[in-house]
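Pasting a structure below so you can have a look.
Going by the order they are written in, the chains are A, B, C, D and E; count residues from 1 in each one.
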Amino acid sequence: MTTTTTTTAGGIQAVKPTVASHIRDYWGRVRGGDLGSLPAVLGLLVLALIFGVARSDTFLSALNFANLFTQSAQVVFIAMGLVFVLLLGEIDLSAGFASGVCGAVMAILLTNHGLPWYVAIPAAMLAGIVIGLMLGVLVAKLGIPSFVVTLAAFLGFQGVLLTMLKGGQNISITDEFVKSLNNGNLSTAWSWGLAILAVVGYAGIQLNRVRSRAARNLITDPIGIVLFRIGGLAVLLFAATAVLTQERAINPAINSLKGVPIVVPIIAIAMIIWSFVLGRTTYGRHVYAVGGNTEAARRAGIPVDRIRISVFVICSFMASIGGILVVSRASSVDPNTGGSNILLYSVGAAVIGGTSLFGGKGKVINAVIGGAVIAVIDNGMGLMGFSSGQKYIFTGLVLLAAASVDALARRRASATGS
Amino acid sequence: MTTTTTTTAGGIQAVKPTVASHIRDYWGRVRGGDLGSLPAVLGLLVLALIFGVARSDTFLSALNFANLFTQSAQVVFIAMGLVFVLLLGEIDLSAGFASGVCGAVMAILLTNHGLPWYVAIPAAMLAGIVIGLMLGVLVAKLGIPSFVVTLAAFLGFQGVLLTMLKGGQNISITDEFVKSLNNGNLSTAWSWGLAILAVVGYAGIQLNRVRSRAARNLITDPIGIVLFRIGGLAVLLFAATAVLTQERAINPAINSLKGVPIVVPIIAIAMIIWSFVLGRTTYGRHVYAVGGNTEAARRAGIPVDRIRISVFVICSFMASIGGILVVSRASSVDPNTGGSNILLYSVGAAVIGGTSLFGGKGKVINAVIGGAVIAVIDNGMGLMGFSSGQKYIFTGLVLLAAASVDALARRRASATGS
Amino acid sequence: ACGSESGSDGDSGSSGSSVGKVGVILPDTKSSARWATADLKYLTDAFKAAGVEADIQNAQGDKTQFQTIADGMISSGVKVLVIVNLDSGTGKAVLDKAKAAGIATIDYDRLTLNGGADYYVSFDNVEVGKLQGQGLIDCLTEKKVTKPVVAYLNGSPTDNNATLFKEGYDSILKPKFDSGEYTKGPDQDVPDWDNVQGGTLFEQMLTTNKDIKGVLAANDGLGNAAIQVLKKNKLNGQVPVTGQDATVQGLQNVLVGDQCMTVYKAIKQEADAASELAIALAKGQAPTSATGSITDPESKKDVKSVLLKPQSITKANVKDVVTDGFVTKEELCTADFAKACTDAGIS
Amino acid sequence: MAATPLLELRGIDKSFGPVQVLHDVGLSVYPGEVTALVGDNGAGKSTLVKCISGIYPIDGGTVTFEGNEVAIHSPRDASALGIEVVYQDLALCDNLDIVQNMFLGREKTSGIVLDEATMEEMAGETLRSLSVRTVKSLRQLVASLSGGQRQTVAIAKAVLWNSRVVILDEPTAALGVAQTAQVLELVRRLADNGLGVVLISHNMNDVFAVSDRIAALYLGRMAAQVKASDVTHSQIVELITGGRSGNLGLPAEKPSEFIDITPGEAQ
Amino acid sequence: MAATPLLELRGIDKSFGPVQVLHDVGLSVYPGEVTALVGDNGAGKSTLVKCISGIYPIDGGTVTFEGNEVAIHSPRDASALGIEVVYQDLALCDNLDIVQNMFLGREKTSGIVLDEATMEEMAGETLRSLSVRTVKSLRQLVASLSGGQRQTVAIAKAVLWNSRVVILDEPTAALGVAQTAQVLELVRRLADNGLGVVLISHNMNDVFAVSDRIAALYLGRMAAQVKASDVTHSQIVELITGGRSGNLGLPAEKPSEFIDITPGEAQ
C-alpha cells in the first residue's frame, strides 16, 4: 500500500486519502454495517420499480411525480419535526392534531376573520410554537413521560379542533397565496434557476470546505470524490427539473401544468436549515448528546431541560407548517385534518429513514427519504385500484418489504463486519 | 436502635426487622422515590373523588361500578400483554387490530359456521398466538424495528378485518356463553365463594413464604405486616363483593342484575398468572434482563431472540382475549373493532401504571391499575354530559392530571432522597 | 338501591316525578358535520322547550365509547333512550340492555337491524344515495357528456351508512353502466371519511384515468376534496361532483358551479320528530306521530316509524336551505360568493 | 502553598432513600496541591465527588469555594466555578465521536457554525500528550473504543479547559503502563500550575507518588486527612480497611448501622 | 502442568468494518495455569476475549478446546464448553438486584418457581469470600452500586459455576486493596484447582504475582507468549510498549497500517 503521509498542523501523522482509498474505505464502512440512508434509498428504488412495472403508464408519469411531492408534504414536515423529538428518545403523539389545529387557526383567520395570509400564516406558526412550548414544559419540568403528555394532547387537540370548527364544520379557504403553496408550481424559469442555484451553492460549500481544511493541513476528501458528489447532485436535480418542467396537464388545451411544485423548494429549504442546525451548530450537537446519554450531557453542563423543551417546540412548529400545507392542498380544514394515520405515518417515515426511537440516532434527511417511501406506497396503492381491505393489506406488506430491505442490508453487512 | 441480630444459614449477620422498622423502611423507600404503584392508585382515588363529587348519584352507584369492569376489559387485557412487549423496549402498534381480527375469527366461526364456543374461542386465541409468532419472528429474526413491523401489521390487520367482514358488514353473535363472558354476572354464592377463595389463597401463600424463609433463617417480613396485608385484601375484596352482590338493576321488576361481573375473575386470573410468570419464574427474570440490558442478557446465555418472539406471542394472545371480550360485550364485530383509540389507551394504561417505554421496568398489575385509570376517565366523562369537543379536551386534561400526580409524587420523593 | 332517583341537576326546574329524563347518543363527528352542529342544537332546543331533561352525547365514532355512554345513561336512570347506532351489533347490545331496564327506545336516523327498537325516525339513507345518483345523471345530461367515465369516492369502509348510500347510487347508475351509456371508473372507499386522504385518492384516480367525467362523492367534504384536485387541473365545473349534507362549503361549491348537487336532509324536521316522540314517551304519554312503519329486514318485524324525505339541492334551489334556516346567509354569502348568491336569488 | 483551601467541604451528609452514605464529611483542597482521596470500595468517594459537582443534591453541610459559601445545584454551577471532574463511570456519549465528546458543552464555533477543524486539531494534540497511540481516527465513535481509550478521552476532556479545581475519580484504573505514567505526570503538572487537584485511587504507589495530602474515607466518614509525608503506606492501608491506625482515624467503636451483608427481603 | 492446552487459538483475525483489530493471533491456555494477557490500551485484548466467548464472530482462524476444533457462535456456546468470562465492560442488568444478576441465565428453581432463598444464601457466601463489606443488602439494584462493588458482583457471577476456563478482563481495576488481594488469591486458587485461567491486567505486580505464563499483544499481534519465570518486569513492559524486547517479540519494522492518530474526515 502506497499512502502519502503528510504532517498536519497539530504535528500528527496522517494519511492523505486518494480516490481509490476513499472508495475502499466507503466499501469497508458499508460492509461494516455503516450504511447511512443507503437501504432506505434502495427501498425507495425497489418500490418505484414495482409500481413502475405494475402501472408503468401512470406511476412514472410526470404528473404523478409532481403529485408525489404535494401529497407527502404534511407527513414529511411532521416527520422532520419528529426527528428532533425522537433524537431525545421522546415521542410526540399529538403532532398530527397539532398540525390540524394550526391549520385551523390559519383557516379561521383567513376565512372567518378575513385576515390576509401574512397574518394568518405567522399566527398558525405561532400557535405551533406555543403548543410545543406547552408540551415541552410539561415533559421537561414536571417530568411526566412524553407518551402520556402527548397522548393527553392528542385527545385534547382533537377536542380543540372540533370546538374551533364549531363541532365539525369544514372551513374553506379561498386565499390564492395560501392555496398556491401546496397546489401551485414555479415557472419554468424559476424552476431552472433554483435548481442551478442549489447545485452551485452545494458546489461552493463543498469546495470551500476542501480548500479551508487543506489550508490547515487537515485531511480532506479527495477532490475527485467531491466533484463526483457535485456532479451526482447536478444530474439528479437537473433530470428532475427537466421532467417537472414538461407539460403534464391532463388536458393541455384547457390548462397548462408545468414547473416544479412550489412545495419542493419549501421542503428543501426546511431540510437544509434543520440539517444545518443538527449537523453544524452547537445546539444540534447538544441534541445528539442529550439523546445519546442524558446524564453525560448534564455532566457536560448542557441545559438538558431547555433542549428537551426546544425539540417539542421545533416539532410542533414543523407540524404547524405541515398543517398549513395540508390545508392549502385541501383548500379546507375539517375535524379530521391531522388525524387518521398521519401521526403513525410520520413516525414511521422517521423510523424507516433510520431514526432510532431510543434517541441519539437520526438525521433530518432520513425523515424526508422515509416520508418519500410512505408517500410512494400511498401514491402507488392509489393507482392499483384495490378494494379497501386489499389496500390496507398491501400497504402493510409493501411497508414491511421496504423495511426489510433495510434490515437485511444492515444484517448482511454486520455479518461480514461487526 | 434495638435490632435483634440473628445469624442466618450462610453465616452472615442480619437484622431481623420488626413492624416498626418495616414501616420505617417503607417510608424511607417512599421518600427515596421508590413509590411502586402508589401514585397511580392515588391518581385513581383522586379521579374517583372528582367524579364522585360531580356525579355522586350515578358515578358511585353499584351499577356504574359493575360497568367499569366490563368497559375496561379490552384495554386492560391488551395493556397486560403490552407490558411484556414494553418490558423489552419494543412496541406493538397492531395489538388493537389484532384483537379485532381474533374477535372476528371467533364471531365468524360462531355465526357463519355455526361452530360451538369451545371451538371458536380456542381458535381465536390460536389466531392471536399465530399473529404474535409472526410479528416476533419479523422483529427478532429479520431485525426490523418493532415500530415498523407492527405499523405494517396495524395497517395489514385493518385490511384483514375488512376483508373478513366482506368489506364492512357487522357480524352479530348469538352464542349465550360468549355473550355472558363480558355481560353476565356470577351468582351471589359464586361471587362470595371466589372472594373468600382469593383471600384464603393469598393468606396461604404469604404465610407459607414466611414459614419457609424463617425455617432457613432468612429474613422475613414481620408477621404483623403480613397479617395487615391479608386483612387489607380481605376488607377490599369483601367490600367490593358486597356492593356488587346488591341488586343494581334500574328496574328490578323487569330484570334482576346482581353479582360480580364474570369478567372480574377473568381479569384477576390473567393478572395472577402473568404476575407469577414475570415475578417468580426463570422466564420472567429473563424478560426483565433482556429489557434492562440486552447485551448483558446475551452474555449470560439467555436466548434473547426467543424471549423477544415470546413477548409478542403473549401480547397478541392477550389481545385475542381482549378481542373475545369486546365482541362478547358488543355481541358483534365490525371493521372498527380494536381500532379508534384502543391501542393508544392500552399503551397509555401500561405507561400510566409505571411501565417504561425503554424496557426493563414494569409490572402486570400496573397495567390493570393504569387500565382502571383510563376506564374511570372514560366512564366518568360519559356521565358529565359534555359536548364532543369538550369531552376530548377534558379527557386529555384529566389524563394529564392523573399522570401529574404520579410525576409530582416521584419528583417530590426524589428531591428529598436521590 | 340506585338509579331510581333521576338526576336533578338539569337546567329544567320542571322535572316532576312523572317526567323522565331522555338520553340521546349521537354517533360521531367525522362521517358528517351534522351530528355536532345540527342535531345537537335542534334536539337540545326541543327538549329544553318541552322542559324535559336530556343528556345528549356523542360516541365519537368509537363503539366501545358508545356502549360506555349507554351504560352511563342507563345507570343514570333515563326513561327514553335515543340512539344513532355505529353498527347494528353494538346498537342491538345497547337496545337489549335498555329494554331489560324498561327503557323506551328510539332508533334515530339509522335502523338497528334486529334491534327491536320501539320507534324509528329517519331519512332514508338509500334514498339519499339515489338522489345523488340521479343528480349526477342530470348534471351529465345537462352538460351533454357522452359515454362519461364515472368515478366513485365512497365513504368510510367501516361506516355502515356509507354502504347504504352506495347501495342507493349504485342502484341508479348501474343500469347506465350495464347499458354502456356510462363507463364505470375507479371505485374507492375513503377511510374515516378523511378528506385529505380523499383528495389523494382522487388525484390518483385522475392520474390513472384521465377522462373521468363525473364524480360521485359521498358527502360534501369528499366532494370538495375532489373539486380541489379538479381545480388544479382546471377541470372544475366541467366534471360534475356530487355531495351530501348541504354544508356551507358544499353549498358554496354548488353556487359557483363546481359541485353539481348536494343532498339536504332537513335535520330540524328529523330532530323535531324524534324529540316529539321522546318527549311524549318521557311524559308517559303514547306518541301519535309515528304513523308509518318499516320492516326490519333481518327480524322481519315491523317498527313504528317516522320517515322523512331528503331533498336534492342544486344551484336552482340553494335558497331553500337558507330559507329553512339550516345555514345563514352570512355564513354562505361571504365576499367570494356574494355574486353567486345574488344570482341564485338569495338575498 | 496557600493556607486557605480553594475548596472546602464541611459536614456533608448524603442519603439515598433509607441508606445514609456520607456522614458529616469534611475535606479541604488546597491550590497547588494534589489531595488523594482514598477509601475502600463503597466507602463513598464517588458519591462525595458527585455531591461536589452538583450531580447529587447534598442533605446537609456546606461547600466553600475560595472562602465563599457556594450552592452547587448542577454540573453547570460546578464548571462555572472552575471545577472539572473525571467521573469513574465515564459518562461519554456513545453516539458521538472522540472530538465531539471532548468538546461537549464547550464547542468551539466560528460564527454559529461549529469549528470542527480547530476542535480536531486541539483534540489530537491533547490525546498525543496522553500517550494515546492506537486510536485509528479522531472521528471514531467512543462506543467502539477500548476501556483505556475511553478513559483517556474522559481525562482529556477535563483537562482541556482552564479550571481551578480538577477532580479525578480513579483515572488510571483502565490505563496501560505508559498512559498511567503520563496521567500521573499530568496530575502533578496541574498542581504545579496552581490548581487544586483531587485524585481518587486504590493504587497506593500512585497515591504516594504524586499526592501532597491524603484523605481517607471509611464507611462514609472521613477517617483522617493528613500530609502524605507524615504517614506510611501501611498506615493508610489500615485507615482504609479499618478506619483507624494508631492515633489516626475514627474512634474505636464501629458505627452500628453498618452490618456486613444484610440479605434483604426476597422480591 | 499438562502438555496439551485446554484452549488454543490459532491465526485469529478480526476486523470492524475497515479496521483490522486482530492479526493472526495465537494463544494457548493450559489447565492449572494462570496465563496473563497483557498489552497496551487498544492492543486488542478485550476484543480477543470477546472473540473467544462468541460475542464477536471471528473473521479467520481456529479455536481448539481440549483438542477439538470448536465453533463458538454465542456466549451460550462458550458457557456450554465451560468458559466463563468477566468482561471489562461489566454487562450487568441495572434493573436487577445483586442476587438476580449473579444468577442470571442460571437461576436456581424449585419446580418452576425461582428458588430465591437458595440463591440469596449462595450469593451472600460468595460475596463474603470476596471481602465485600459495604453492600447494604443483597437485594440492592446493581445500578446503585459503587464501581468496585459492581466489579465484585461481576467476578462473583463468573466464579459461581463449575467451569473449565475462566477469563478475567481487568478484574481488579476498580477494586480496593483488600478486595484486589482476595481476587488474586481466588485466581490462583482457581488455577490450582485445575482450571485454565486467563487474566488481563495492566498491573505488572499483579501479573507477576499470580501468573505462570505471559502473553503480550502489541497492536493486534501476539508479540510473545512466555513463561513468567523466564522474563523480567521490564522486558514485559518493553513488549507491551514496543512489541519487542531483545530477541523476544515481533520483527523490527512497524506494521505500516498503524499510524499514531489519523484525524478523519470532519463529520
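Keep in mind that, in the parts below, a contact is a pair of C-beta atoms (placed from the backbone, for glycine too) under 8 Å apart; a residue touches a chain by one contact, two chains touch by 3 or more.
Values in this document were obtained by computation on a predicted structure and should not be read as measured data.
**Q** Identify the chains in contact with chain A as well as chain C, in label order.
**A** Touches both chain A and chain C: B.
**Q** Working from the CA atoms, figure out how many degrees chain D turns to land on chain E, in steps of 5.
**A** 180
**Q** Name the chain pair with more contacting C-beta pairs, choosing from B-C and B-E.
**A** The comparison resolves to B-C.
**Q** Please work out the Cα centroid separation of chain C and chain E, and write it as a whole number of Å.
**A** About 74 Å separates the centre of chain C from that of chain E.
**Q** Determine the centre-to-centre distance between chain A and chain D, using the mean Cα coordinates as centres, and give it in whole Å.
**A** Each chain reduced to its C-alpha mean, chain A and chain D end up 44 Å apart.
**Q** Counting in whole Å, what is the centre-to-centre distance of chain A and chain B, each centre being its mean C-alpha position?
**A** Chain centres of chain A and chain B, defined by C-alpha means, are spaced 38 Å apart.
**Q** Considering chain A alone, which of its residues make contact with at least two other chains?
**A** Within chain A, the residues that touch at least two other chains are 8, 10, 12, 162, 167-168, 213, 218, 341, 387-389.
**Q** Which residue numbers or ranges of chain E touch two or more of the other chains?
**A** 16, 19, 117, 120-121, 124, 128, 260-267
**Q** Using the touch rule from the top of the page, what residues of chain C touch 2 or more other chains?
**A** Only 29, 36, 40, 157 qualify.
**Q** For a test of understanding, state which residues of chain A touch chain D in their complex under the given definition.
**A** Those in contact with chain D are residues 8-12, 212-213, 216, 218, 280-282, 285-286, 288-289, 291-293, 295-303, 360-361.
**Q** Going by the contact rule set out above, which residues of chain E touch chain B in the complex?
**A** 53, 55, 74-76, 79, 85, 87, 91-96, 100, 104-107, 109, 112-114, 117, 120-122, 124-125, 128
**Q** Can you name the residues of chain A that touch chain B in the complex?
**A** Residues of chain A touching chain B: 89, 91, 93, 138, 142-145, 147-149, 151-163, 167-168, 341, 344, 347-348, 351-352, 357-358, 387-397, 399-400, 403-404, 406-408, 410-411.
**Q** Would you mind writing out the residues of chain E in touch with chain D in their complex?
**A** Interface residues on chain E, with respect to chain D: 16, 19, 39-43, 45-47, 88-89, 116-117, 120-121, 124, 127-128, 132-140, 144-149, 152, 170, 173-180, 202-204, 219, 237, 240-241, 258, 260-267.
**Q** Going by the contact rule at the top, pick out the chain B residues touching chain C in the complex.
**A** For this pair, the touching residues of chain B are 55, 57-58, 61-64, 67, 70-71, 74, 162, 167-168, 170-172, 183, 246-251, 253-255, 257, 326, 329-337, 339-342, 378-379, 382-383, 385-389, 391-392.
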